[in-house]
Every structure is written in structure tokens, then in C-alpha cells.
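Two complexes are shown next, each including chain A; its partner changes from chain B in the first to chain C in the second.
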Partner chain A sequence: MHSNRLGWLLLAPTMIILFFFGVVPFFYVIWVSFHQWNPFAANPNMVFNWASNYRQVVFDAQLLASLGVTFAFVFFAVVSELILGYLLAQAFMKDFPGKAFFRTIHTLPLIMAPIIVGSIWKLMTTPSIGIIPSLVQSWFGLDLNIGQSAAAAFITTVVMDVWHWTPLVTLSLIAALVSLPPDPFEQAQIDGANKRQIFWHITLPMIAPAVVATVFIRLMDALRTVDEVLMLTGGGPGSATRYIGVHIFKEVFPRTNYGYGSAISVVVLYMTIVICWLLYVGLIAPRNTRKG
Partner chain B sequence: MKTLRPWLMILFWTFISFLTLFPIYWLFVVSVKPAVELFSTPDVILTKFYWKNYIDVLNDRTLRSYMMNSLIISTGNAVLCTLLGFLTCYALSRFNLPGKESIFFWTITNRMAPPAVFLLPMFLLLTQVYAIGDFKLADTRIGMILVYCTFNLPFAIWTLRPTVDGIPKELDEAAYVDGASPWKVITEVVFPLARPGLAVTLILTWVFAWNEYLLAATLTNFNARTLTTGLSEYVTTTGTEWGIMAAISVFTLIPALIVFSLVQRHIVTGLTFGAVKG
Partner chain C sequence: MANVKIDNVIKRYGAVQVMHGVNVDIEHGEFVVLVGPSGCGKSTLLRMLAGLEEISDGTISIGDKVVNDVSPKDRDIAMVFQSYALYPHKTVGENMGFPLKMAKRPKAEIDEKVGRAAKILDLAHLLDRFPKQLSGGQRQRVAMGRAIVRDPQVFLFDEPLSNLDAKLRVTMRVEIKELHQRLKTTIVYVTHDQIEAMTMADKIVVMRDGRVEQVGAPLHLYDYPSNVFVAGFIGSPSMNFLRGRIVSEGGAKQFASESGLRLPLPDTPAEVGAEVIYGIRPEHIGVGDAGIPVDVVVVEPTGSETQIFAKAGGDVIDAIVKDRISAAPGSQIHFVIDPANVHLFDAQTEQRI
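Take a look at the complex of A and B:
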């Protein structure tokens, strides 16, 4: 085997790029967040101002409103995707003609750019152009307007996310269900267990690791949803769909208040890390130790 | 357990497939209609095709340059990430580097972070800090190629690792015994064997770069603007050109659809960091 020098040499380009575009931005944003810095303010220079940006963050009503709708969105989207994804995965467990074909179609939204998904749903739901408002009008007599109704806009973003990402849940759960051994199910049926008992006591515990992994991935992705919502509603009406990424893009970034914007970025990053960590400690770690 | 009849399952899945496909079909419907017809009662069935939106997009010099930028940035980024990912995986697999597992996990943390958080620092670094003389990375293609490495390079490393680890070390050793240089071993022994994995990685990183919007929208003004940002420019408060917007969307969608047919099986594995084998 050759010297480690060659190994480090091969690693070097990757580490240099990730250093300048991953590590440096991370520490730079923390550093800027402790400064007062707005190039268009009376004093355009960077002035160290301790933690006053952070003191401001706590009372930022806009940010808090954005975090509230973000959590609501993530909750409804991920829960719907999980339930729907499980049902669809079960529906794929039976054999029927054309299964591979339907599976291919089901996977299709996953490869689509989020911004295109946003544009598609904008074309579907914009009043007088989209087909959904006119269907809702003629079937239920309701006036669906995502530009005016906060509830309609919120629900549409959830539906869009479900349309886009349920296939990921379905396919991960299929992978988990396929790998299950048949014996416990046969045994449970012989013992006279009903469907619900089988689900809660056999299926769910056995696919739990896959479910946890899927929830984890979906949660992380849902938290960072920006493009499609930006395209569909632009965060509106009001702050109804101004999820945290949209908030940073539309409200924080254009303000050129770099110091305060950095503080918000750091807080959001910190919250993401904490949620990740809580999930890991609460769901993934105990499972591993129980097994080990 | 009662087994459902096959035709019921087919019916059910036809319905689900309809829900999946209809929005995409609707995008196409809007793209081939003249603006005046859009605002009448929505028609689902197309009787005539109006291709002017597509021709307008292709004739628009700005949009053509955006398309070119998208193509150059995503191809450059995919090639760079796949090659560097391959070299990294080779180093991690064949050398006894201290702390190499930590390095491996460190790379993925770059992908986990929400991109919105990095908008501001990335913008400040590219416009003010990363400059050589008068040359700044902001609004350049090379700048975007490097920025996209933050999410694509970790992805390439993670997807290529099993491929490179799976190539037997005995092959390298045999080549070394025959007097080959390390570079020859990498390019002529390992690289050809890793080709299938490299192809999948190349294609998926290409799509991720092609699909990216947020960073492109904040880090470019004109010179390096991509097709996805061009799309959002057609949504304005004063009035959206729906037909054009739909046509640009279709142009953005087509490469993804082609790619989809090539690597369908690997998409789920890729999107779940390998947690799920597709």
C-alpha cells in the first residue's frame, strides 16, 4: 500500500472545496451575527454589538409567525405523507398486472425540480386559469382563492408537498415491507389476530426503523421547503405560507441588514440541529441500544 | 385475509396514477394554449396545439443564455463532483488515513444544513470576500459550479462509496506488482470498474444542479442566471405570462424526465442517503 501522502492528496480537492463553501460560510455567518452591519445604513461598516441581534430575534413577531406556520406545515405534510405512503405501500404488496408500470409513474414526481412543482400547482390552482378552483366551484359551490384565503393557501401547499413527496415514503416503506419475513404474520393469523392487532403489534414494530428513517429524512426536507412555496404563493397571503426558508429569502435577505439576517440564519440552523438531535436521541438511539 | 381482485387494484392504481400525471398534463395544456383561451372555462381535452409559447422561449435571447448557463453549470458541477467524489472514495477505501470516518461524516453535514441558512453568508462571501483582484465569484458560472458542490459533492461521495469499496483491493495490488503507478491504477483499473456507479452519480448530481433554484436566485444577477430563476422572473405582481411560464417549465422538466427513465431505480436510494435501497 502506498504512503498516506497520496491519500491526503486525493482527498485535498474535496476538503478544500467543502472548507471554503461549507465550513467558512458556517463560521462566517456566526461571526457576522454578532455585528451591526447594514451597508445602506448611516454607518455602513461592521460594528461589533455583542448579542443585540439575538435579543432582537426573540421579539421578532414576523419570525415567530413564520416558525409557527413552518411547524404546522411540516406536521401536516409529514403525517399525511406517512399515512398515505403506508397505505400505498401496502397496496403495492399484492401482485397485479402492470405493477412495475404504476410504480414507475408513482416515482415520477421525485425527480421534478421543486420550482417546477410549484409552477405546476400554481397553474392548477390560480383562479380562472387553474382547473381546481373551477371544479371546487361547480362541485361544492366554494370559492377557492389561494391568493386571498390563508387556509386555502396553506392547504394547497400541504397538498402540493404530499403530491411531490409521498412517493418517497411509499417506496421506502415498500423496501421495508418486502424484507419482512412471512412467519410472524402467518403465526398471528393462526392465533386469530385481527388486522388492526397485526398492524400495531407485528407490522409496525418490524418496520419501525424504516419508518423512523423516512420520517427523519422527510422532516429535514419539509423544514427546508422553499422553492415550490415561493413559486406557488410567494409566502402569502399575509404570512400564511411564509415558511422559514421563504421568510429568509423574501423578508430577511432583501433587507441588507446583514448582521440581523445572520442572527436569524444562525437561530434557524441551530433549531434544525436541535430537532435533528432530538429525533436522533428520542427515536434512533434508544432503538440501537435496545438491539445492541 | 381477503385478497382484492386484480382488476380492483388496477383500477385503484389507475386512479392514483391519474392524480400523479394530471398536474403534469395540465402544465402541458397551459403551455400549448394562446393567452386569450386560458381565461375561458378550463378545457381538459386539447383539440389544437399552439406552439408559439415554445417558439417565443427559444427566440428569447435572455432565456437562451439562461438555458446555456443551466447546461454549463449543471454539467460542470456534475463532472467535478463525480470525479472528486470518486477520488475521495478511493482515498477513503484504499488508505489508512487517521480520522477518515470522521471526514466521511463531516462531508454529509454539508448536505444536511438548510440552504436558506447559507444564503446570506454565501452571498457575502461570494460578493465581497472570495475575490482575486477584480474577479469575484458572484454571478459567474464557475462560482455556481463551486457553490453547488456543497450539496452535490457529499452526495457523490455517499453514493460512490459502496461502489469503490466493492472493487476488490487485490486488483490494485496486482497492478502495483506489475509496476503500475498509482495514477495508472486509479484511471485504468479502478475507474473502468466503477463506471456504472459513476454514471448514476453523474446523472443524479446533474439533475440536482439543474433543479436548483434558491442559491441561483440569490447568487446570480445576469451572467450566470439559470433556467429555474428565469422561470420565477415570469411570475410578477403585474401579470404573469402563463403560457411562457408553462413552456419554460416544460423545458426545465424535459431533461429530468429523460434522466428519470435512465436511473429510476436509483432515485430513492439517492434521495434517502442510501438508507433505502430502491
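Take a look at the complex of A and C:
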């Protein structure tokens, strides 16, 4: 009994913080989402308006467009990060001179605040002063202008996200690869598997739990990207990079449309949960429920 | 099925040479056991056979084809690891069928061969289980099943029984031997356990420090160990060794230990005065009314036999007799040695005389 009370006592600070910074805002957002609330509107007070914010969500063409580019962004970013992260993790599994040094500097993007990453990339991609348009011009003879070209802006945000978050994937895959026993790999060689077959039949299934966990983390993060993209493109040109997070930001802050912004947030949260659940059902659950 | 030839094989790690010109000839269908203490290079040699370690010098041939530069997957061998190396995410059936799947065999053939191997190894009811749901002995059998479905030229076993409990080890030993008699495939088997080597092998290769000490049939090694190391390694409990010299007693040669103990000698070319090591196996010492007087130190009855540790002069001698002897510690009994069972080794070179 005594040790039980001590346990709750030790947990209390965390629970209190989680309650005020997690649980309360969560329910507050849901509550706000059922109200008409714009402090700068004719009526600045919160007015309960049933589900009309949600009705508006369904008919918001801008939101649907936003969701489309968001899914494209998340897909390209997370897939590239996985592939690149795996290749880097394999490279770091081998010994080469300066390995520790390279491994350290390769993780540096991770410790940068997204707003800084956005600023740096904005500086690097500004036409006529940035290094990237200059290199693209001299190597490929192309004009890179993320302020004008929707495709260029989209690709740049993906590349920026890949630059920022691949090290996370690399680190978690290194951890997974290091902990693998060597024997099944030697056995697979003897069993006649070539490198490609070993990857698909042995390596990938054995690191699958780590891969899925990493995909979950990256998926949830990428779905709510705001600050980097807002800094780099402001969601433009047009609405080419107006990802869902940016869309919500623009509804809530410049337009002070708190009620509607909250409703979108709740919908996006729900979609994120559904996507993760689908991934879980598709990737992890079959492994656990196979006939045994 | 194939013969295997290991010809003057050398292994270096950087500047350190760990294997010094090993030669072993393995006949088609033979069961060869590589045995030796840990670190003797037996596992390295097996891994070189499998292609998992590079050969620094010399050649290894399987079926008259030099395989030095052939990758493991093209050597047509099967291996059973000490850890079994089962694929944890595959079922028993998938584990066993994996080599055939990699060889792109049709599914019907895979199912048929896996089914047959599972039947031989009594795994048929476990084909849908995962390795973590099996006992140690079952996992071991799955690893063997994966090896036999391939019908390879050579089986390699790397201490496959070390992780099993003593009782299961004996059972599996019999099963592996039976399997060999049924399949008649060449087997190279690594162990540090000389009992496994003695009971299973057609031919034993005793290794130490990256060298082959002796090659021969189990009973040949037991009867004619070529040096002190082999004599001590083969046989359990280990042979008694006494250091001393050959003396002449009334015209007949005798052995005199450093502590002054006199022991009978067989007909030997060793000259009087030569420094020798006298070897006699515990099971070749009898207890009689007359003979070498010894003081009993410890008596260990095991039911089927009795092990006696006794002091003679300054030397402790270990004897095993079939009779039940109830000698009290400290009492005096007499050991009887038949000179025909005595092994003599040169004290300097430790080679058999």
C-alpha cells in the first residue's frame, strides 16, 4: 500500500502537467469547435452554433485542396526519408575512417528548431541570392524560383523535410540493425539467398517493428508540419504548399477564426488516428495474429 | 554427396596467423568430427568450409572443385548453427522451405519435401508454429530439417547440441547419427565434446591452436594417441600422466616416476635413462590383492562403476573399476596395471614413443 502511494506521488507532477497541457487543451479545442468565435467579428463572443463549423469543413474546397497536397507531401517526404535513412543506416553499420564524426554531424539537423530550418532554407532558395538556385542554374540550366513555380516550391518543402528528419530515421534503423543477431544472415547466405533476397526475406521482416514505429512518428509529424513550410513558402505560391497545418494556422491566426480552426484541427486529428490505425491493422496486427 | 579436401589451409587475421597449414581429407559420405578445446580453430575451419570466412592460403575443394572463391550460396552445402539461426519471423514450415524457395522450386515440390523432412524429424504437427513457440530440442530439429530439405553435397554442423540439456543431447546424438546412416551425406561436425566425437564420428580430427594433432577413427585415437594432447583429450575421465624416466630393474625395463613410484612397462624401444611421460587410462587400472600399493583419497560410486582417486608416492592416480569397492579414504589398496595398456610419450616432444 505504502509503495503504491509513493508511486502515485512520484507520478503526480507528470500527470498534473499532462492534464493541464494535454487533456484540458484537447477538450477545450473540441468545445471551441462547436462555437462561432472570432474576436474581431461583429459579435466577438463565443456563440454556440452546433456543428456548423464541421458542416463548413465538408464544403471547404480550400481544405480539400490542402488535404491533397498534404498527403502528397507526407507520402514523398516519408518514403524518401525511409529509403535514404535505411541506406545511411547501412552505411553507418560499416567501418570507415571518420565514421563517428560523420555520424555526429549527420544528426545535427535533428536538433534544429523547425523555424530555423525554414529560415535557412528560405535564405538558400531565394532567387538571385540563394546558393541552391545558383547551383541548379549552373548544373542543370534551370531557373528555380519557389516563389513562382508550384512544383519547385512543393519539391523544395519535401527536400527540406527530408534534410531535417532523415537522421531520425537513420538513428532508429541503426539501433534496429545493431541489435539483429548475425546468425540468420549467415544462414540465409548458406541457404542460397542473394543480397536482394536477404533484404526482402530476412532484414526487412526483422527490422519491421522499428520501421513501422519510425513511420508512425514521421507520419504524425509530417501531417502537422507548420512552421518550416510557413517560413519557407508561406503556403504558396498560390496554395501549392498550403499543407493542412499551414491552412489551420492561416485560418486561426491571421483571420482569427478560432471556432472553424478548432473544427479543422479536430478533423485532422481524427484522420491522423484513422491513418495510423489503418497502418497498424495492415502492417503489425497480421504479424501478431498469425496462427500460432 | 561429395568428398571434401582441405589442403594446407592457413588463416590470418591481419598479422596474426591462427591456422597453420591444416590438411584434412574427407571421403564421400563420411561423418567427420572436428574436435578440440575452444579457440583451437575448429569453428573457423568449418566457417571457411561454408564460405563465411575467407581462406588466407591453401585450398578447400568440395567434390573435386576448388571453392575458395565460391560464395556460400553456390557451394551446395547446408549448415546447422549452434544457435540454430532460425528465422524468427517465419513459421517452422517457412523456415524449412526457405532454401528451396530461394532456389525458386515450385511450391508443390517445396511442400512435399518439407512435409517429408518434417515427418522424418517428427515436426509435422509444428509446421505452423513460430520458432519462439518451440522448445530447444524442437528448434534444433527445425534447423536440421532446413538442412536436409536441400539434399546438399555436405552438411556442416557447428556445435549443434551445445545448447541442449544433457538428456536431450544424448537423444539428438542418436538422431543425427541415424539421419546420417539414412541419408549417407558427407557430414562435417564441430564439437568440443569428445564423447560426441567418439560416439558419432567415422573419423575424428583433433585440433589444437590452429593445427591438426591427429586424424583417425575414434577407437584408433583411443588406442594409439599420437601425443600427450590427444591422449588427454580423448577418453573420459582423462588419462593419468606421470613424469619420470626409464630404469633397469634386474635386466627388465621399469618406469620410475619423479616421486619414486615404480610401474610396469610394455615392450618399448625407449632406452634406459630416457625421460618419458607414462600414460594409463583410469579404466585400464584394476584393483587387486597385490600390485602397486596406493592410499585412497576419494571414492566416487556411480552405481555402474566406481571411480577411485588414490595417492601413490606424490602422484594422484585416478582409476575406474566395474566392481563396487568400499575402501575408506586413507586405507591402502593395490592397483594393478596391465603393461599392454600403457602409453609412453617422449618427455620433451610429448610424442608417442
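Just so it is clear, the second predicted complex is superposed on the first by the 257 of 292 C-alpha atoms of A that agree within 3 Å, B and C clash if a C-alpha of one lies under 4 Å from a C-alpha of the other, contacts with A are read in each partner's own complex, and residues count from 1 in each chain.
Everything that follows uses one rule, which is that a residue touches a chain if its C-beta (ideal position, glycine included) is under 8 Å from a C-beta of that chain, and two chains touch if they have at least 3 such contacts.
All figures in this text were calculated on a predicted structure; none of them were measured in a lab.
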Three-chain arrangement built on chain A, chain B and chain C clash or fit: fit
Contacts of A:Pro181 with chain B and chain C, given as first, second, both or neither: second
Touched partner set for A:Gln189, first chain B, second chain C, both or neither: both
Which of chain B and chain C A:Thr272 touches, first, second, both or neither: first
Contacts of A:Pro114 with chain B and chain C, given as first, second, both or neither: first
First (chain B), second (chain C), both or neither touched by A:Trp8: first
First, second, both or neither for A:Arg242, with chain B first and chain C second: neither
Partner chain(s) touched by A:Ile202 [first = chain B, second = chain C, both, neither]: second
Touching partner for A:His106 - first (chain B), second (chain C), both, neither: first
Where the C-alpha centre of chain A sits as vertex, the angle toward chain B and chain C in the overlay (nearest 10 degrees): 90
Touched partner set for A:His35, first chain B, second chain C, both or neither: neither
Residue contacts on chain A - larger count, chain B or chain C: B
Chain B and chain C, minimum CA distance [Å, superposed model]: 8
Shared chain A contacts, counted only where both chain B and chain C touch the same residue: 189
Partner chain A, residues of chain B touching it in the complex: 1, 3-4, 6, 9-10, 12-14, 16-17, 19-21, 23-24, 26-27, 30, 38-39, 41-42, 44, 84-85, 87-88, 90-92, 94-97, 103, 106-107, 109-110, 112-125, 129-130, 146-147, 149-150, 153-154, 157, 182, 207, 210-214, 217-218, 228, 231-232, 235, 242, 245-246, 249, 252-253, 256-257, 259-260, 264, 267-268, 271-273, 275-278
Footprint of chain A on chain C - complex, ascending: 50-52, 71-75, 77-79, 81, 83-91, 98-99, 102-103, 128-130, 133, 146, 150
Of chain A, residues touching chain C in the complex: 181, 183-184, 186-194, 197, 201-202, 205-206, 208, 287, 290-292
Chain A to chain B touching residues, read off their complex: 1-2, 4, 6-8, 10-11, 13-15, 17-18, 20-22, 24-26, 28-29, 32, 88, 91, 94-99, 102, 104-116, 119-124, 126, 128-131, 134, 163, 167-168, 171-172, 175-176, 189, 195, 210, 213-214, 217, 220, 223-224, 226-227, 230-231, 234, 244-245, 248-249, 252-253, 258, 261-262, 265-266, 268-269, 272, 276
